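Okay, here's the structure, questions in a sec.
Naming follows writing order (A, B, C and D), and every chain is counted from residue 1.
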Amino acid sequence: MTLETDLLGVTLKNPVIMASGTFGFGEEYAGLIDVSRLGGICSKGLTLRPRAGNDGVRMSETAAGMLNSVGMQNPGVPHFIERELPAMKALGPAVIANLGGGDIEEYVEGARLLDGSGADILELNISCPNVKDGGMAFGIKTQVAREVVRAVRRAYSGPMLVKLSPGAENLTEMAKACEAEGADGLSLINTLVGMAIDVETRRSLFRNRVAGLSGPAIKPVALRMVWDACRAVSIPVVGLGGIAAWRDAAEFLIAGAAAIQVGTATFSRPDTALSIIDGLGEYMSRHGFERISDIRAC
Amino acid sequence: MTLETDLLGVTLKNPVIMASGTFGFGEEYAGLIDVSRLGGICSKGLTLRPRAGNDGVRMSETAAGMLNSVGMQNPGVPHFIERELPAMKALGPAVIANLGGGDIEEYVEGARLLDGSGADILELNISCPNVKDGGMAFGIKTQVAREVVRAVRRAYSGPMLVKLSPGAENLTEMAKACEAEGADGLSLINTLVGMAIDVETRRSLFRNRVAGLSGPAIKPVALRMVWDACRAVSIPVVGLGGIAAWRDAAEFLIAGAAAIQVGTATFSRPDTALSIIDGLGEYMSRHGFERISDIRAC
Amino acid sequence: MLSEVLAVRSNEMLLPDIGRLTVEAAAPARPGQFYMLRPEHGAMLLGRAISLCDRQGEILTFLYKIVGKGTAELSRLREGDPLRLTGPLGNGFPLEDISGKIALIGGGVGVAPMVYTARALRERGNTADAFLGYPDSPYLHETMKTLCDKVTVATESGVCGAKGYVTDIFDPEKYAAVLCCGPLAMMRAVAEKCKAAGTPVWLSLENRMACGVGACLVCTCKGKSGGNLRVCADGPVFRGEEISLDA
Amino acid sequence: MLSEVLAVRSNEMLLPDIGRLTVEAAAPARPGQFYMLRPEHGAMLLGRAISLCDRQGEILTFLYKIVGKGTAELSRLREGDPLRLTGPLGNGFPLEDISGKIALIGGGVGVAPMVYTARALRERGNTADAFLGYPDSPYLHETMKTLCDKVTVATESGVCGAKGYVTDIFDPEKYAAVLCCGPLAMMRAVAEKCKAAGTPVWLSLENRMACGVGACLVCTCKGKSGGNLRVCADGPVFRGEEISLDA
């Protein structure tokens, strides 16, 4: 029995990956948990140029979830390649560079710099607001997503995941379009778009009005979308959204995910991912599964 | 100061309405709470013909939410008009008849029977699976929804809400289309589509595979959609989705809702709606609001 | 019916997975009825439907088995902790329609409602025998001995009483009526034996519930005539011939 | 750094909205550091960032103010209840860089970190005066009297000490360095006075946090140079001139 699993040609020690934006560049958690045991780590969302992120309140806890409005604060791709990436690689787990952008040119230039930089996998985040399209995210309309995936595919030669938004107008059509444009795999779901209002000031809590909802609250929705995506495409799908325990992870693997990501639950318990790794191992032994792919429902 | 509010020409004692499917036909709760204090009650979802509903597991609790797969079990519109409706009307709150259907003909015939039957408002549920369209809900694609709203509008002469699905491909376009086709108001959001898997049997917990997610978990998403809908149309919007306390209700009213519905939270605390009515009154006094519409953000 | 937040009076584990909780509440209840129990500060959305195990004076006793997060939360309640109690709910056993010698059959935590049922029968002047089945260590059987003419215990492990299933011992021919609460397999066996013997049987079902009052329709079971019945409001007690116990 | 579930040693309310909780943990911590506290069976997703108030032997003391559901949950913990402690986190006060007479300024629950800071300063042979401001009833001021040369208390209500703000009394000219933790308005006033007097000042900030370790970037504050600083990992203690305290 082995937890080792292949993702886009990269061998992961196990199928448990830390989700982008929830694990910094890995080193932040190195003092708290044994980071080397993880299957992979997605970097904080990167953009070509550094971004300071949003002003005002950035987080609000909700029922079994949290809204965040960090706004892509990151040091920029060049800084990442020079400083954070070497340190990430030294941690052991597979390194997944998560890339966003405000327009296609920024995506492409970021991808070009990352190509050959040493990251194991590129995760293309198409949930960023498109500055040329009034701020509607690239990941909503299939045709818009298609263009950014096509352009980045030309610029990046390594294995590439496209991270889908649950706000996609037609998720399975979106998944198929990404596959057709050369994505090697998909990851989903990104955060749901939510909102919170301060009832005393009667204004949105967040300057940007909306914010991304994550956490156990969204798990049932994420699982349904992962199931649908797995049946729409033949490339691997990485499942995420509210996974907080091995049982959740097993549900996504049964639904057809090749690997899973743990995000917000790490904030509740820093060792969530490690206990998922342990729990999946015990689950596999109990059921006599030899490898992760055996977990998938027939 | 008054909580009394107008909804589609109907005077409600207060803007707190019990959501369809969570309050039966009202009488079920009459032994537990003072039902007469409520602003309105939406009936269990009705269809022209009686339906037995789904087999197998119908409910599973999730983090701050629940999945349900009841499957439109109801006695049918004729039975409702003869038996449940008179009893509902005797309770005092405004009566809102929630109507679904499997095809446009069934919707239209149900609406025709309900027209003039004595219900104060019709709430048209377009989240039902369209049996002629492979089960995709009427509420996903604007064009499909447009047709059912248009047809029902011709068949029903009284005030009519259209209840929108959060799965609509384009929510604001959908809202505008419903307004254009003669909806007098909108209510949203219906449940999100979710899923749960039994990790021991490795099968979906629900025979119908998917199920509807409701409860506090979905509130941030519902609030964002209600805000968007309120800015897309000029007809009244009734907000619902995870409302469990007066603060939640106030958020929806600030976002622009004319009234709100309480659903799943009633299961946690049967008196949730009553405490929301009390809490809204205190909130209005504290802020010097004269009427419910004053709560709306400028 | 009430829906009130009350202070837990006591809460103790009888076995590692079986707990007993008491509260004080004035409202009357019938044997076989249940309450929705929800810790006021709990993390779960829904209450848990728990049968009334006993009622003496104004002390209500509930027995629960830890099967998931909700019941684990019940087990962590301590004296004084606030617990929302909604009930009594459901129909309960129709004791007024029954006369003669009664058999009370309980399996596992399904033994719970039989205690108050036995007490009520005794108060009505009825006599009852109890047949109690457990996987391993038994509980409440000593209490039942004080309330019944005869108590037969069977355990799957053989640790107490007969080894095996109490349903194999029970003879429906000897009784005017049978009341049963337990796992599905037990209720199927009892229903079948009673049908063959022509003895009327009432079964108390359980299911996941949300509202507990018949409004939400998530707890339905199959009626023999094809329609769906609400376990919470049409039951939880059904005549054996009313319902289908197929999976 | 640890992230462990420990048993609550004690938990008591000093005022209706101010609680004091202790646990036993061996790992060392610096004054001004904080921990994420999350009741293991709580309904909240996230821990709450709480400053270390005191440390004697292996007993850690935390002071918290009930401001929402998370801190209300902390207040309901009883002896023995499991509490996840993650920390110590953040930089803490740079006591090794400070010499001479120190002023410790605390406002409300911001008084908490000053206790362990005063204790550590005394152990280092430093002398400190404390200026403690409260809206109404004071707390920890008696403990501070045992650890500082002089303790000045001011309350907005006038119930104890001077009526008004302690920042109006405090004179930065008399001190080699100032350490402050309190509401934003207090920290602005202190930073301004210290700047005018040329006295170095360190401010301990608070903000909503998720990870507590610098990974999630939700707790940032504005740096004077324009960039965002992480309160959890770059702070919570900043030099007055490093950060912008504008709304």
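Heads up, the rule we're going with is that a contact is a pair of C-beta atoms (placed from the backbone, for glycine too) under 8 Å apart; a residue touches a chain by one contact, two chains touch by 3 or more.
Just so it is clear, the structure is predicted and the values come from calculations on it, not from any experiment.
The fewest steps needed to get from chain B to chain D, moving only between touching chains, is 2. Among the remaining chains, the Cα-based centre furthest from that of chain A is the centre of C. With centres defined as mean CA coordinates, chain D is found 53 Å away from chain C. A straight line joining the Cα centres of chain A and chain C is 47 Å long.
Chain geometry summary: the mean Cα position of chain A and that of chain B are 33 Å apart.
Taking each chain's centre as the mean of its C-alpha atoms, chain A lies 35 Å from chain D. None of the residues of chain C touches two or more other chains. For chain B, residues that reach two or more other chains under the stated contact definition are 64-65, 215-216. If each chain is drawn as a node and touching chains are joined, the picture is one closed loop, every chain linked to exactly two others. Contacts between chains, counted with the stated touch criterion, involve the pairs A-B, A-D, B-C, C-D.
Contacts from chain A toward chain B in the complex involve residues 62-65, 67, 169-170, 192-197, 199, 202-203, 209-211, 213, 215-221, 223-224, 227, 242, 244, 247, 250-251, 254-255, 283, 295, 297.
Chain contact summary for the complex, chain C toward chain B: residues 1-3, 38, 44-47, 70, 84, 86, 208-220, 222, 226-228, 233. Contacts from chain D toward chain C in the complex involve residues 41-43, 73, 76, 78.
Every residue of chain A that touches chain D in the complex is listed here, in rising order: 21-24, 28-29, 31-33, 44, 52-53, 55, 57-61, 64-66, 68, 70, 73, 215-216, 264, 266-271.
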